[in-house]
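One structure is given below, represented as structure tokens, and several questions about it will come after.
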């Protein structure tokens, strides 16, 4: 399929490139490194070869979120966003930007998002999970009251917020034992991100700001499969499930306030399952370049056993609508 | 459908009943309590009313696993199993038993399993996740070397091992923040159990003991949906994914050594997804009584949009084969 | 689900009621007869009880199509449409109309369609398969050149054309032997209608008039399941498949020019299959009252294992869009 | 996947080769001709290249069925079966045979089937739809009383009967108008064969001979999609649906007495739909060589988004069981 739009596509700056090294075995690191630092050269060739017209670019993970000093996080986000804006300016026909945000400081994050959207022309934000607030492992998820003004700004700007994975801190990862292979994309990424998304829902955020849209990668971080059980539990506990502060069932918010992408999860079984659970209007193509290959994503997607109607929506038109990319 | 067999069906003794109280709001506790303590009275009426011919019974959660003293755990397991055997003897046409096991002490667990199968006629074991080894939060998952003799015994006895959920210890649950609604069946149960299952796989257990069969409830604790991504990650890291000690991809073991049940997950979307990922031979009906209603499970299952061939297998004949229940 | 819109909902006049008698066993005929002759009384109660806000009404089958005299067909269609318009005027909040058309006389059919849409406010046409041109079994399908001006008018008026089933003439039904149970909805309806739809496609109609939209009932008369094989055959024969005069593969037209409804086919397996083949934007709820029960259709549809997003589209918003029913 | 077994794989003799010419455009005929006349040469290379271990071979269509003289049909069938047995003897490790049968003469057909199974070692019969009894278009379907002794023999021999498509006679094909592209595999094959299968069911054959197993190609000739509607109609008419003489609903017989193959229908949407309707135990891999390519079939099947459990069953073990091919 020609004209695909891809949403979870990463780059790195010299300053953040090191954050991606743990995700590659030593032998693969030179390749991964060069892929991340390339913005508009090889990347465009990959896109051309695989029918990808447009990529929405974002900084690698965890980058800004792992900086335990708010001021430094603010500074890094600004510089990364400026750098990205310059790169996009070289090929505005092929790239748009997601803002990196210093969520350690919600007011600064709101301000940086506004600047990125209004001044730099970015189409949303991509944030790598929770933020570290200090070097003792104090972390911040974004369901707390102090983030509400930030979300108000997201709603006002009418841009999606991509909640991208990161690993838990080592002290919170005891369940994985010595099975480090379960960290990262295999399992821990999905768990961390799904729980964060559920906390946003359970906090009542989407009752207060119904216009906020969250994007989840990897076909929804297992949430589509678990959706019924999430709300069955709530039903069993009645309206008073401990700590659930939202007005409606979880599924209502997933269907209304969330979008999911195919990044890094190129399997038709899960895609069909997601279509059965969420419907094809909420699903968008993505590759997760450079951690995944664009050709792997494209070859799979172009041949997946879905209707051509859905292929066009997932591959392109849902993104046009949600990010207002139309001419 | 008549003749259904259900596998994840719990009871409690006066000694363990308190473990289930946290899972019920106060108003529901008397009802839940009486359901758990009833073994063959109301339970049989529920079964008769809903086409369930046979239930495989198991102790409530976490019970034995939460006892931080091995000797006490051994003692409780023995007494609970003896109690269950007596109850089953009242209606051997309608009930069979799963052994509770003191996994804190792997040799004792192997011995108790042997006794339960050989002497009490039990058809397998059901264990509530990791075991607590002391009161400081030292925990034991069963992928470690010291459990290998236990698994050798499981293989020798040719009985399935049901890995049932429990909650993480509070110190390992920081990711849930103050969202206690995410504990238990809504999300934490599935995560804890899926990771434990993956650790068993990654440890190489099933290479050493290919005859070991693990049963997972709740339509597989989200594993079917995440299966592709688990192995894609391994592929990307080559053979050397950090800490992965098994010979083949994760999916191979899931398809060969695992069975999943419908307990507490009465949703056709996930069931169809599981059929697409695992095939109907690996899926078995269950209700999760008394935490779920038998009628909810049965009404859903009897009308779910699957083939009648699959309904018979999932509802009955897969269990006959896996537990050798045939006449 | 409240607010459903249903599209294949029939009534009869005293003049056409007899055409439906063969479809009912004698014991059911009084009930079927009274259901068909009722327009806005019991019908509204059925709708209220089952969450149906709006019905698009159409004359029973075969009615006008089985009249082997063009002038009489023209006359009957006019009178039936006028009658329907009067009935709708009693409850314009709950009903809209499909025009019956004398397809025996394409120019008169075009004129009557224009009159029905412009003067009577109808939202499209519903035609019961091929027309009989004389009493010797000469029949007319609508893929021939002489129908092109009619289709030009359909395109100009921008209203859907519902191609409803009828039985083959007895001389064309030898394949069914003495198995009369295969006539009507069981099988012959679907075959006759699917072939007619394929003839429209193969004639090149939709190349000449790309704005024409055809609605098929009964989840697409088996076409979604057979779609791949239709075009595989074409591919094998190259561009020159004997008698195929359209520019693109069959599936392209099905996806672009066709809509299907759930009338009389209340099965989730086929619905999911249709979603996988056509996508949920092309599927619309219908009941086929009074040949099917509204409650059967609604209970099934409201609980079918599809996403809520798709339920809303199939149940309501697709119809709002395709028939411009919005306020 | 290695070790696949394919069931609908055709050859021709010099005598029957002409019957296949109408299915190929002139430019393709030399290729098709040489494929049909080759039995164990190129065919084995195609199998080796595509992971097909075993093919069950059958005569091309319509061959014996189109001979309007019973004695000649009997003679041709015998000679074709003898020829096939000799060819198979060259590579008994890679081929088994389906008997061609002179169904014009049911007693002779029973005798020839017995001879083919007992003396030639064939594993079943493959018959190309209805038989022509004279040159005036008198046809015979196999649901009539005079075929009951034949079916008794099929039951006694415990071998499957493959009901393969053929085209209707021209006089019965008026519905296709001048759209000859709808004849053959595109549509007419499926309709003719599905109706014949339904006549067998409706005749009560499977009540009288419950051991008879019918194989249908092309993912079931659209029957899986239409299954619900077939029985819904019966239900509406009560027990007395005109001419329906079987004791149970159509779906019961489809699930118990029928098998379907993937021949010539390489589409995952329909395969998943068939799995949802019939279950994977009733579906078997086939290619329809030489009318379809073995590589097309194999590449599609090996990568189709089904579980590996089902791939093994559909690709191999269902055939081992149904045809008793095991060592």
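First chain written, first letter: the chains are A, B, C and D, and each begins at residue 1.
We adopt the following convention: a residue touches a chain if its C-beta (ideal position, glycine included) is under 8 Å from a C-beta of that chain, and two chains touch if they have at least 3 such contacts.
By chain, with names taken from UniProt: A, B, C, D = Amidohydrolase family protein.
Small disclaimer: the values here were computed from a predicted structure and weren't measured.
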item: Co-neighbours of chain B (Amidohydrolase family protein) and chain A (Amidohydrolase family protein) - touch as defined; value: C, D
item: Most remote chain, CA-based centroid, reference being chain D (Amidohydrolase family protein); value: A
item: A-D or A-C - the one linked by more C-beta pairs in contact; value: A-C
item: Euclidean distance of C-alpha centroids - chain C (Amidohydrolase family protein) vs chain D (Amidohydrolase family protein), Å; value: 33
item: Distance between the centres, which are taken as Cα means, of chain C (Amidohydrolase family protein) and chain A (Amidohydrolase family protein), whole angstrom; value: 44
item: Whole-Å gap separating chain A (Amidohydrolase family protein) and chain D (Amidohydrolase family protein), where each centre is the average of the chain's CA atoms; value: 51
item: Overlap residues in chain A (Amidohydrolase family protein), where contacts from two or more other chains coincide; value: 267, 269, 272, 276-277, 305, 307
item: Chain B (Amidohydrolase family protein) - residues contacting chain A (Amidohydrolase family protein), complex; value: 25, 27-28, 139, 141, 143, 168, 172, 174-182, 184-187, 190-192, 194-195, 198-199, 202-203, 218-219, 222, 224-230, 232-234, 236-238, 240-244, 264-267, 269-270, 272-273, 276-277, 291-292
item: List of chain A (Amidohydrolase family protein) residues in touch with chain D (Amidohydrolase family protein) within their complex; value: 267-269, 272, 304-305, 307
item: Complex interface listing, chain A (Amidohydrolase family protein) residues touching chain C (Amidohydrolase family protein); value: 251, 255, 272, 275-282, 305-310, 313
